[in-house]
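First chain A sits with chain B, and in the next complex the same chain sits with chain C.
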Partner chain A sequence: MVHLSSHLLKKYHNGYVVIRLALAGHKQANRPFYRIVAAHNKRSRDGKYIEQLGSFDPLPNIYNEKLVGFNFDRIKYWIGCGAHLTKPVAKLLGLSGFFPLHPMTVTEAERRRAQAKLAETAAGTEDPQQEEQKQADV
Partner chain B sequence: MAALGTARCLFQSFYRVKDVQRIRKTLLKCNARTFCDETSVKEPAGGAKPRFTDAAVQDILTRITGLDLQKVFRPIKQEMKPPTYKLMTDEQLEQAIQFATEEAKKQLQMPPVLPERKPINDVLAVDKILDGMDTAKYVFTDITYSIPHRERFIVVREPDGTLRKATWEERDRLVQVYFPKRGRKLMPHVLFKEENLKIVFSQDRHEDVLNLCLVQFEPDSADYIRVHEATYEDLEKNGKYNLLRSTRHFGGLAWYLVNARRVDGLIADMLRRDMLQDAISLVSLFHMVHPHSESAQEATSQQATGTDLLKIYSQKESQRSGYIELALQAYEEKAAEGSAS
Partner chain C sequence: MFQVIGGRSVQAARLLAPRSAVLVEAVRGRKSRSDPVAKSKEGRIKVPVSVDPVEMVVLKERYSEYKLIMRALRMEFKEGVLRKKYEEEMGSQAELRARQEEEEHRALMDWNNQENLRILKARIIRIQQEEEEAERKKMEAAIQREQEQQEFIRQKEEEILKLQEEAKNFVTLENLDQRIEEALDNPKNYNFAIDKEGKVVKRTVLQ
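Entry: the complex of A and B
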């Protein structure tokens, strides 16, 4: 008995398999944890998936590390089967060295650096102003 | 004072009271795995130093470890179970004892002695454009099930953009996170700090320390070697060799002492307990490992065996030669009396 649903999905609805982050542990507020998952495109984000390919913990631990696990063997299989990747997964794979770097990672790093510089110069101009005011008061 | 109190509490609720069977099985599994992992170049090319894993060396070490069934299967604090009684014929009893001996031999398998592992300092990529991308590091582990842990890819992306391989400590920790092993903790037990080790040694619990160490650390990690050396040093300082006598750690202790050339205490202890054969095998092991020492050359030139070996050793090498010769004399007198009466 051939499972008709996946064929229907592919041909009729033009659905495809996607590797994406699914939020796990939705009963705990303010503690996200993502599973890296191969699922059909139209399924809900946290719904039934085909296979779990890894995990991602976005909160750093006591050693200031964000832990990411990838099952590279199975990821290669699904990409070989024509799975698509979402942006966050592509970014993570780029950071890990498995894929080339995602351009948005570079852009975000540049934006962060620009913001940090702005904050520095703002702090720099604030301090001399405060000192001048104190001297004026005295 | 408070610290001492808490330390004492920690050690009293020690793993001995928790389920010991589990830890025993873990020890057996650890041992089998690490033996398989070893590289297998073992034949000493004539004149090369004999290693811990050579058949002859292992043979001697197993012989001096001894096989005291009463100690190996001694009663340990476990959950209370009502005892089972079986009615057996003499044959069945012998078979049961044989079975127990084989089980004991499996439990006495020696954990491997490996040189310390070299630190990993491999940088895969330096991407200055990513500098400041995040405040935390990203650690990527390959979770493929069918790779041995030593060959797994574990890679760290630092906030300044460098992609480097993870250090050995990070590797151990992450492998334990994704593939947890029974009995191993993410942060090593408080016991393995220097001050706490001293307290435990004063309570004569060297065997427990070594068992915990075997479960927690990899055999070639710096911590494993440090704890083992501390234990062996303490044992040698106080002469408490009998604590490890019929356990799996005795081979490691003997190997360490032979390599450090400080076998006198052990030989004296063996002679005191009338274990002449063990003492002779220990001296022959010493000659195998240090073939260029004076006593080894004397022994090969005279083709000495038995008590002559001991005499040559005590004359040439040992610092406590007086004690060894006295003990030998006492042994010979006892043997003469025994044969006379």
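Entry: the complex of A and C
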């Protein structure tokens, strides 16, 4: 096996640094927990990373909150060194306010709102119809 | 699709009793290329999600804005990083720190040299003492050897004298007859009796 140091690794693989979510806690099934991590692109998802920049708990807690933590100082440093971001990390950062809101967040929200409204109007049209039928029956 | 695995998940996979020779793990999308289509999905034609043009235009606009802002932010952060590096190397603190470090280094080197000199002196003294010791021991050994040699020679001379003395009593070819005559003439009697009190009686029956 050839084990290269970081500089040679970068040159050989032409890889770059990404800030992404890595799954932690293999010992517990059905309880995911993500670490926000700066790692080389070619490394496996849960493999060796350069630095941990935060964490994300995707399951809501008792107050119905999903907790996220960021180390903004180091994130700034890594972005300044040319790190890429993955979509979920970009979305989270957008929601946190550090970055602008990701367009897909907005689009998803709009879609959901449209769905909700459709469902509401459908329920609304059904209710008056049911009321009319009941009145007709009565 | 299939992933060859080992380690912890091997135990779990063994329970599934796979028919393949290699232990494989159940991964999402677990059918391989040669597996037939499932019955429930036989006539299925996968159709991609239709694109809403209005939404697409809006989305493209949003993306372009987003990318613009992201690019600007990236450049800002890069500038920040470079500025920090510059300050680190050439800022106001850097000179002070460099000078302090140099002074510290010089002081430490001086102290080191002093220590070296001191230890050198101690070492020289020690070596001298050891040399003197060695000299003394050598002298003593030489003297001892001399004495032993003298002793040896003296003892040998003594032995020679003793032998010379004894040689006078030797029996030679000339003395032979004389000695035989003498021996025959003087019979020596070694028998004696001794009492419990220690009284020796030499008068015995001569034969």
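FYI, the second predicted complex is superposed on the first by the 120 of 138 C-alpha atoms of A that agree within 3 Å, B and C clash if a C-alpha of one lies under 4 Å from a C-alpha of the other, contacts with A are read in each partner's own complex, and residues count from 1 in each chain.
The rule is simple: a contact is a pair of C-beta atoms (placed from the backbone, for glycine too) under 8 Å apart; a residue touches a chain by one contact, two chains touch by 3 or more.
Here the structure is a predicted model, which is why all the values come from computation and not from measurement.
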Query: Mind checking chain B and chain C on superposed chain A, clash or fit?
result: fit
- prompt: Is A:E108 contacted by the first partner chain B, the second partner chain C, both or neither?
  reply: first
Message: I'd like to know which partner A:A116 touches here: chain B for first, chain C for second, both or neither.
response: first
- request: Identify the partner contact of A:P100: answer first if only chain B is touched, second if only chain C is, both if each is, neither if none is.
  value: second
Query: Touching A:I50, do we find chain B (first), chain C (second), both, or neither?
result: neither
Broader residue contact with chain A after superposition on the shared chain, chain B or chain C: B
Task: Please indicate which partner A:C81 is in contact with in the superposed arrangement: first for chain B, second for chain C, both, or neither.
output: second
Task: Quick one: classify A:K66 as touching chain B (first), chain C (second), both or neither.
output: first
Message: On the chain A superposition, what angle, as a multiple of 10 degrees, is formed at chain A by the C-alpha centres of chain B and chain C?
response: 80
Field: Lowest inter-chain C-alpha distance for chain C and chain B in the superposed arrangement, angstrom
entry: 12
- request: List the residues of chain A that touch chain B in one complex and chain C in the other.
  value: 101, 106, 110
Partner chain C, residues of chain A touching it in the complex: 76-77, 79-82, 99-103, 106-107, 110
Message: List the residues on chain B that touch chain A in their complex, please.
response: 124-125, 127, 129-146, 153, 155-157, 161, 163, 174, 177-178
- line: Touching chain A in the complex, chain C uses residues 55, 58-59, 62-63, 65-66, 69-70, 73-74, 77-82
Task: Note which residues of chain A are touching chain B in the complex, please.
output: 54, 60, 63-74, 92, 95-97, 101, 105-106, 108-110, 112-113, 116
